[in-house]
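Note that chain A is present in both complexes that follow, paired respectively with chain B and with chain C.
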Partner chain A sequence: MLEDSRLPSCSHLPIAAGIGLRAPHHAQFAAERPHVAWIEVHTENFLGGGAALDLLESLRGDYAISLHGVGLSLGSADGLDSAHLDRIAALVRRIAPAAVSDHVSWSVTSGAYFNDLLPIPYDEEALSVMAANVQQFQEALGRAVMVENPSTYLRYRHSDRAEPQFLAELCARTGCGLLLDVNNVFVSAMNHEFDAIGYLEAVAELPVGELHLSGHHLRSIGNRSIRIDDHGSPVSEDVWSLYDRALGLLGPLPTLIEWDSRIPDLDILLAESAKAGAKLALAPPRRATAKAFA
Partner chain B sequence: MSAGMGLAALQQAYRDYLLEGRSDSLAEVIVADAFDAEERLRIYRNNFLIGLGEALKANFPVTMRLLGEDFFAQAARAFVLQAPPARPCLFEYGEGFAEFLETLSDLAALPYVAEMARFEFARIGAFHAPVETLLGEAEIARVPPEALADLPMRLAAHVHLLELRYPVEVLWQAHQAAEPDLAALDMAPRPHALLVCRPQRALVAQEIGPDSLAFLAAARQPTTLAQAAEACGSEMDPERLGRVIGLALQHGLLVSG
Partner chain C sequence: MPLAEMERLFQDGLLGSSREILSHVNGNAREDAGAMFGVYRNAYWARLVESLAVDLPGLKALAGDAAFDHLARAYVARHPSTTRSIRWAGRLLPQFLAREAPYRDDPWLTDMARFDWALAHAFDAADAPVIGVAQLAAIPPELWGGVTLVLHPTLDCFAVSTPVDVVRPLLLADPRAAFDRDRRRDGGLMVWRIGDDLKFRAIDPLEQDALAAARAGASFGEICETIAARVEAEAAAMRAAGFLRGWLEWGIVQDIGHDAPGSA
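For the complex of A and B:
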């Protein structure tokens, strides 16, 4: 495990591979403390006071923990749900996680939660909304957070800038970091026919504090196909290759294996994270030309 | 290039589309290329409906088994469209699902299914309730006897009281087996009150009598020991009241204030 002084301030995760901890593996973590450098959980699953929270508190001593939100809806024009934000802030105080993140997307409007990472247009208005919401999020927690690039299946006619530029402006305006999901870059690049490596080059200078890897699948619609990000299979060979490129451009970074549907035995997740860990160990140090982060 | 749509209007247009299937205004602002706007939007609508259907399945597993996977999926879809979650914590999702099931006309053969949904929702509510400092015997012992009657108290957040017609808890237990043996179960109506709570680590589901139900139901609102005891009826003798309070202290059903 490398020391983390080269990470931006939004991430105190070890530069090593972790896994997403989901309910089917809770009992195994409670009983066996499997060997993995760090774990990430979905924040929203731990906002009650039940056994899940007891487990997370008990795991604090053995693992660095990342709280990854899926429901704050940072892209909502309505603003953030302050009751939800308060619950997240209380959990963050209790767990003192190594990283806190959510997504560049929206999921709530007029009091309805759609349980999906819906895309926002990449324009000035959405940037202002996202920036204000990210700032409110960071102020509530008293720390910098990371935002994750989404997989998208559509684009808006009124988007007037590319996703990496939007992310760069968001990071610059708010001081937040980027959680770079390599699978999402690949899925969106294939779905919208842009150059995934060019995307990585465009975000290489941003304060990236964590990488995500996961599986996706190809769905046929008529005689065409589209890639769907479902976190339900091993990381594809294409995404492993793109991960190699990301490590070459960005240097080694904390890397998470995510699996959310058709969740396999823990051994399979641990094997995927070991594969990422082996690549991390061989990754060249961050290029000297890259901006140093405070 | 279209003039676009403001973000609030865009999000309202998604609401119209996801809940009601109206895509006209949304489709206009989406780039159509290899796929048209409808095809692209449908991916999101499927994710929305399937994801929340799965969340209901996770929260109501025995209800799902009673209804069968296909019927449950249809009912869940209709419920999601009618009552999407108000909050992003999906372990809380499903308020009103039992009442929704009661409105389905083709469930006459399973009259207890809505009560099963109520029981399962009470279970997850108890399971995820916030941690509170519960009144136990030690706390009560510290109260001067003359102040006991006026002790302010209310029901703890983990406590759920269900008034049921059918023995759904027995049916739920039977369904915990890999191959449930349901032949011996008598599902004839048998009105009773069920206490569902999680005082420590383990969930408790226990039948309670009318005294306990009246006392605990009174404590849904902030009250005092004397007022809650009054709710049990004027002829309540100290011995019966003692049993009720004993139950409340044993399972940590009350908090002060």
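For the complex of A and C:
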């Protein structure tokens, strides 16, 4: 696989825009093979074989593929499910994806599965748990992975460091990369009232191998509102603006449009991707002061 | 507080009515912790109900939106998700509907859920090659009694008491479509996939029993005995052979096992 010195070792994706490929678009995508640089799928949807896996294998030759996990529960104090990890490793061997990722979150405890990306505290114990789980993940795959920053709606009182610091320490301890979700930064920043641009500046030197863009919505509670990360609408103008700032700070990076609820026609998804691609084409190269990944 | 204990408290707050987690988290300047924790709690329930609606569209159309939401939440309360993929969250729903009042009083609900689930399973199950009638014809007739079948991994077969296969497409096209709710039909449904095409077929009780026996590993001779208990002896072999030919022609047989010619 070709190395791009502008990217950390966790990412072999093309520096271009891709789309999240979801089941409602499988048949159309397979038939039309639209012009898009790469695709990302949810790992857990392809572990059972069947028609979905056949489709993914048929696309391998035409598109770089990113396997994006939503179920490993890297933040679980219980540790990883080794059988699930084995299934992911088998899929990675079969597909040879350009990138593998999961989230800074947890979703399983004591045998209950929440099918969600729940927040973890930002303290030393959670960092140790995350680091051990990420290392186990990487050793099982024999490659570096990326972890995605979460969107959150509450914070633990005993967290003793900011999210960017937690991510920096996790990357340093494990050698993993960061999948930076720009929408998540915006949603969390608005909900917790921190400076989104300051967040981007704080992670600018980390090994970021991919960016995510998606939609969110405003939910009213009484006469107030909070931002809900639902991947169910076009990328907001606020998030496009933050993406511009991210490209200015980080340089051009593989960028994905995610759309997971109220999924629109494929053409609309591709148009959003093309919009990101146009911004990527105009993005300045990574700043000379920033870390290179030669 | 240890991470494991924090996650347990979070779980208690999501699944039940415990509010202990709220003393360990902050909301923001505008909303208290309870309101913000509610985002996670609401999302947990809504996500599972939505997933069930996607996997069981026939059931949703049959029950109607409000009743489906109610029964889905009752099911999730009884059976919290125990699978990593939300895709499997509804696997116990047919049994739940068959067992629990008031749903157990309406066989359409259980049959539709079972049918929806079989269709979803057939789509997700691994592919496998199939054999045809020619492979059976190559086996000497004197060995047929010991023939066993490896059935296709996408195949599901189950008993129904309603013609749910006839009604489901009507309801998917128009959830308000009228149909005879008192109509009943004994027998079973078989569901499988060939390539990208989902297939289903209604079968009579005799064929359903024969297919169930084949799935359990019965030999062709044993299947004949099963049938002979229900029809005249001389007709049993013909019926069994007819079933077997049909299964081969429809593409639900992956392989045939049999003794080698001349073996004891």
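To be clear about the criterion, the second predicted complex is superposed on the first by the 290 of 294 C-alpha atoms of A that agree within 3 Å, B and C clash if a C-alpha of one lies under 4 Å from a C-alpha of the other, contacts with A are read in each partner's own complex, and residues count from 1 in each chain.
One rule holds for everything that comes next: a contact is a pair of C-beta atoms (placed from the backbone, for glycine too) under 8 Å apart; a residue touches a chain by one contact, two chains touch by 3 or more.
Worth saying up front: this structure is predicted, and the values here are computed from it rather than measured.
Undergrad: Return fit or clash for chain B versus chain C, each positioned on chain A through the superposition.
TA: clash
Undergrad: I'd like to know which partner A:Asp78 touches here: chain B for first, chain C for second, both or neither.
TA: After superposition on chain A, A:Asp78 lies in contact with both partners, chain B and chain C.
Undergrad: Quick check on the superposed pair: does A:Gly50 touch chain B, chain C, both, or neither? Answer first, second, both or neither.
TA: Touch status of A:Gly50: both partners.
Undergrad: Return first, second, both or neither, reflecting whether A:Ala27 touches chain B, chain C, both chains, or no partner chain.
TA: The answer is second: A:Ala27 touches chain C but not chain B.
Undergrad: Name the residues of chain A shared by its contacts with chain B and its contacts with chain C.
TA: Of chain A, residues 44-45, 47-54, 71, 75-78, 81, 84, 106, 108-116, 118, 120-121, 125-126, 129, 153-158, 219, 221, 224, 226, 228 contact chain B in one complex and chain C in the other.
Undergrad: Where on chain B is chain A touching in the complex?
TA: 1-8, 10-12, 14-15, 18-19, 28-31, 34-35, 37, 39-41, 43-44, 47-48, 51-52, 55, 84-92, 127-131, 157, 198, 201
Undergrad: For the complex, give me every residue of chain C touching chain A.
TA: Its residues touching chain A are 1-4, 6-8, 10-11, 14-15, 24-31, 33, 35-37, 39-40, 43-44, 47-48, 50-51, 80-87, 89, 123-127, 154, 193, 196.
Undergrad: Touching residues of chain A toward chain B in the complex: what are they?
TA: 44-45, 47-54, 70-73, 75-78, 81, 83-84, 87, 106-116, 118, 120-121, 123, 125-126, 129, 153-158, 219, 221, 224, 226, 228
Undergrad: Tell me, which parts of chain A touch chain C in their complex?
TA: Against chain C, chain A makes touches at 27, 44-45, 47-54, 71, 75-78, 81, 84, 106, 108-116, 118, 120-121, 125-126, 129, 153-158, 191-193, 219, 221, 224, 226, 228, 261.
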